[in-house]
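Across the two complexes that follow, chain A remains constant while its partner is chain B and subsequently chain C.
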Partner chain A sequence: MTGSYGADETSVELATGLREFFNEHCGLDRVRAAWSDGSLDLALWGEVAALGFTGALASEEVGGLGVQPEDLVLAIEEIGYSGASLPLVDTAAVVVPIIERYGSAEQRASFLPGLISGERIAASTVMFGGDRAMFAAEADVLLLERDDCLHLLDRRQFSTVEVHSPDPASRLARVSVESSVLSDATRLAAGATDDARGRAVWAASALLNGVSRRMLEMTVDHAKTREQFGRAIGSFQAVKHLIADAWVAMESSRPCAWYAAHACSQGLADAAAAASVAKASASDAARVVGDSALQVHGGIGFTWEHPLHFWMKRGKLLEHAYGSRGFHLRSLGAAMRDDQQGSDAVFPGL
Partner chain B sequence: MSALTETTLDVATWRDEVRGWLKAHLPADLTEPGALTGPEALHRRRAWERELYDGGYAAIHWPKEYGGRGMGAAHRMIFQEEYERIGAPPRLNIQGLMLVGPTLMEHGTDAQRQRWLDAILRCEQVWCQGFSEPDAGSDLASLRTAARIEGDRYIINGQKIWTSGATYADWMFALVRTNPEAPKHRGISAVLIDMRTPGISVRPIRQINGRGTFSEVFFDNVEVPVANTIGAVDDGWNVAMGALLLERGIGRRSYVKYVPLLRTLSSLTTSTGAGRDGAALEELGTHVMQVSKYRHHVGRTLAESSNGAFGPEASLNKLFWSEMEAALYESGMKLLNDLSALSDDSAVLDGYGRWEAEYWHARATRIFAGSNQIQKNIIAERVLGLPKEKR
Partner chain C sequence: MKIITLVKQVPDTWSERRLDPETGRVDRAVSEAVIDEISERAIEAALALKDADKSTTVTLLTMGPAGALDALRKGLSMGADDAVHIRDDALQGADVTITSRVIAAALLRRPWDLVIAGNESTDGRGGVLPAMLAERLGVASATGLDSFELTGGAAGGDLVGRRSADGVDEVLRLGFPSVVSITERMPDARFPNFRGILGAKKKPVEVLTAADLGLTDLHPAVSVVSVAERPPRQAGTRIIDDGSAAAALADFFASRRLI
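Now for the complex of A and B:
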């Protein structure tokens, strides 16, 4: 048996803390506000940053919490579940640990403190697709992937143009960088790119699984209370099976992200494959759960008034970002094709 | 954290021990593909079960007092992974070890345990399960095989169907109707029946894959001691429900079983010239994802269940692997057809025939042990709390 699969103490503690925080500070009204204002809720950001979440993976020497990826993965699910529109996941799971591991002394000193305290906001193009990043316009720091290298830029070194996204509250933008800006001084050390890609992928998977979990919960509640033909619609097998399929897709996807975080933190031979499994299955689950959710909600789910669409649209954005289902499945297919017995890249230890 | 590290070490040591023992003891001829149910093969498989018993590996999950090793779910899964990794044959007495034994421990009398448990452990008695009937499939509680009490004996008349291993089993764990007047769930008893009792006849069913692994079993005035009832007379439904949960539960198959199938699909993909084709790689990758999901689902379930008892979440397990397995074999059928168009190599054609038989068997898995539609009802009602349908 490898991996704690989310069941150990630190992981549950972090997730519970964050869930309680969001229950208290980010109810439906605040979720809704982010969608109607179209701007980042800096007050909420400040409150979350005060919890130390963005520095969770940073070592205690630099002011972080010093926890491991597998301790953080359940908490990331809670962010997806909460519906909060905040630049938390890439910052905590990718940008901060990558700077600490691959940044020069100067980069670490100038970027880490502000990111860990939450005074500065980060965005990352790693694995998102194109030169796009969520919250790039709001960001003070950009982690940019270019020609298989990673560069760390401050606000004066990049510009942004808002681009269309199914989820406007995640503030998607395309970034532009003058090529003269990129230099040895902005580049992170070798190895950063693969490491960051893996992290971005498992973290996005956990986030997406949290989105699916919320949609499914709403759907189950609706099926229990909505009545037609004189009884709750959840008593009909046709409805039950839609929901059961969605539950299976989601519950079989969640531990894949947990394992991928563990494989990343332990540097296991199957870490890249595990990340691909996590994202392909999270994308699958989000689609199955989203489709079932809208179908079971019927007309009410099709209104702006009902909150389901906030999670559906976030799910749709994340489903195709950070490598689509097809992208990751082709990677897994190629890894299996090239797998030699005992290579450990796909199924280690056999 | 130190407790976690200790467990991890212990687990690694156990894996090494099992791997080493299996390598040293498993006869090579038992890993070859071929019929597993001919008289000769059965003889070898009984001998193998006896070897497992002598090594202390027959039923590691049974409590020590009954001859097991009292191991929990995590250790059991490691044993299963290693057992599948080396390609050992399916456990011959799976019903005895997984269903009858644990049920006797929970509901049996001391005398019953003494009479049967040790014989199961030594594989001196191979067991089959007599639940389904022609008119009691998904609606198992409507079963009609009648057991009329006369003195200290039942007189049993009726029919069971889809019984695996009935042609060679020594005993059957059966559900029979002991009270036709009671509501249907209340008039059923769990009875252990010696398959050599006069009046029992077994007829293998010729299946769509040409095999006869499932049988019909007919009972014509079969006399069985009432003392062979597990639990109270008419309380068999409760006894059986625990047993069904065991049947669907974790621990009977690991993801490792599917890795050789993935390797076969991978080499077929390459042999048919599709190794660089995006759609073919995506299909192969889908199966890699599914097998990985099964692996992590099982890992998660074990991590969350410290005592090895599983709830209705076990329904996910059977639903998931049966759908995964059917899809895997489906892809292989297409690839083997393509390959047989390119090749007249007899090895290719032999492989196609074996794959096809397994392909059809994989379709059965979506139906047996509670059809997948029933599993979805269980998930919806018992896991998610949706209201029961009026029936």
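Now for the complex of A and C:
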């Protein structure tokens, strides 16, 4: 178990391993190609799965690596940072661990091996009344919330219709299921819904923090090299303040995702509240960082010719996915008002 | 087959590199220390042999400060089995005669069939260590190989390597035990997977001092007398053509004995 945020060797080594991989295999050309094609880069998916990412959180008994969720937070950030758009977070951080914990013996046997090896791709829609999921059209497996229960479906049991995504590289689809398909055989054990929401939320927060970190880094580089009035624009106080505020927002958010993962894995009473704090602050940071990045770039990230655009659009999508800042702040407010504790405080229906 | 791969941690080629003017040694504080890229390729070459024959073992060997453990961990996470870390403050500033004595002594402590090293490190750039090791150990060596393969299986086979030099392509054959060094033309190193990264911490790393190797009187054959930074380049002379430029240019060339 990690003692504190970012200080654990395992956490840093996994993140470094993934960063080095993405540096080599996911350059700007590949990010741009995924954006232009609007299709899932299956070759990249296969390469990342081969690193063992998809089974990282599964136990060694089922062929996983037994990594603690908090030790995967920095690695998930690296995915956001890299610009790779892959359904890694749903598959590795949500669907695989949820099946292992709440699936029947048959569900574990038929779903886990393919998902852990990366042969099969998972999508999930676990938030309230949600029927849209990223990469659902490409997914072989879907985790679906209906009436506060979670159902595990294979490709023959659900259909998809593509809907507009603000980020062309992260395709969105509306999923639909015949009600006759949902049965005891597809349902996961009680408790799965809250657990899956918590996981989806902290993992999306970590991913979004990685997106913010990349935008901020691009912005700092630009401020150091772009000259105006004979000086680098980063030397002007008004620009410095924009960047400093963005940095503070981002660095305040990063440990929140770590703590939410830690609280989730340890089953702490404040796990749900921690997840809401993580997502509210990650969404807030992404907005502040994105807005400042666009200003400091002089607006050139507004169109897709400039790479900033890719991370901005990903940021906008993730800012609102898995609950917006407003949703999570209202959840926290309602939990405080009603003095709810533990899992009762999980994302109350508002 | 037992393979020992030599690993060196060096200052990152992509960042600032400088010598400490006081000691004449590499200033390790100014840049990040990373595993030398050629060492990674040497590890990859060893692991490719292990992929082909699972009974092959790959041991990493480095001589360096405590932080060099990171370079060993990287290699272990790629898939090497274990590592030897020669770590002794008395070895700071060792020249290649000392380094080769120390590594040769370490190699004598365990059985092996093949030593694979990079052709030269990006910091020292001597490129003579593999040949010196082979000489001290009395074994065959082939340096600067662009590729190599094993023939006839692990037992009783040979190593056939290729290298190019001075406009010719050479094919060399040598038996075991032997020491080879490889060039950048060998395949890129693999990325450590998560299982490798998690498993690397559990792999054994033997730490040895010079005394453990029975070496006490270590004196460099060459010592650095002084190091001075090269003065920055002077601004050039600007000749503005007001009709006299040709003569000024000719005078300039003449002053440098160029015409």
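Observations
Keep in mind that, in the parts below, the second predicted complex is superposed on the first by the 331 of 350 C-alpha atoms of A that agree within 3 Å, B and C clash if a C-alpha of one lies under 4 Å from a C-alpha of the other, contacts with A are read in each partner's own complex, and residues count from 1 in each chain.
One rule holds for everything that comes next: a contact is a pair of C-beta atoms (placed from the backbone, for glycine too) under 8 Å apart; a residue touches a chain by one contact, two chains touch by 3 or more.
If you're wondering where the values come from, they're calculated on a predicted model, not measured in any experiment.
When the shared chain is aligned, chain B comes close enough to touch A:A280, but chain C does not.
Applying the stated contact rule after C-alpha superposition, one finds that A:V220 touches chain B and leaves chain C untouched. By the touch criterion defined above, A:L51 reaches chain C but does not reach chain B. Once the two complexes are overlaid on the shared chain, A:F21 sits against chain C while remaining clear of chain B.
In the superposed model, A:L332 makes contact with chain B only, not with chain C.
By the touch criterion stated above, A:S252 is placed in contact with chain B alone, chain C being left untouched. In the superposition on chain A, contact of A:A244 is made with chain B only, not with chain C.
Taking chain A as the reference, the larger set of touched residues comes from B, when chain B and chain C are compared. Looking at the complex, you find that chain B touches chain A at residues 4, 8, 11, 74, 77-78, 85, 255-256, 259, 262-263, 266, 269-270, 275, 278, 280-286, 288-289, 291-297, 299-300, 302-304, 313, 316, 319-320, 373, 375-377, 379-381, 383-390.
Here chain C touches chain A in the complex through residues 73, 77, 191-195, 197-198, 200-201, going by the rule given at the top. Residue ranges of chain A in contact with chain C, taken from their complex: 9-10, 13-14, 17, 20-21, 24, 50-53, 56, 65, 67. Interface residues of chain A facing chain B in the complex, by the touch rule stated above, are 1-8, 220, 223-224, 231-232, 234-237, 239-241, 243-245, 247-248, 251-256, 258-259, 273-274, 276-277, 280-281, 326, 328-337, 339, 341, 346-347, 350.
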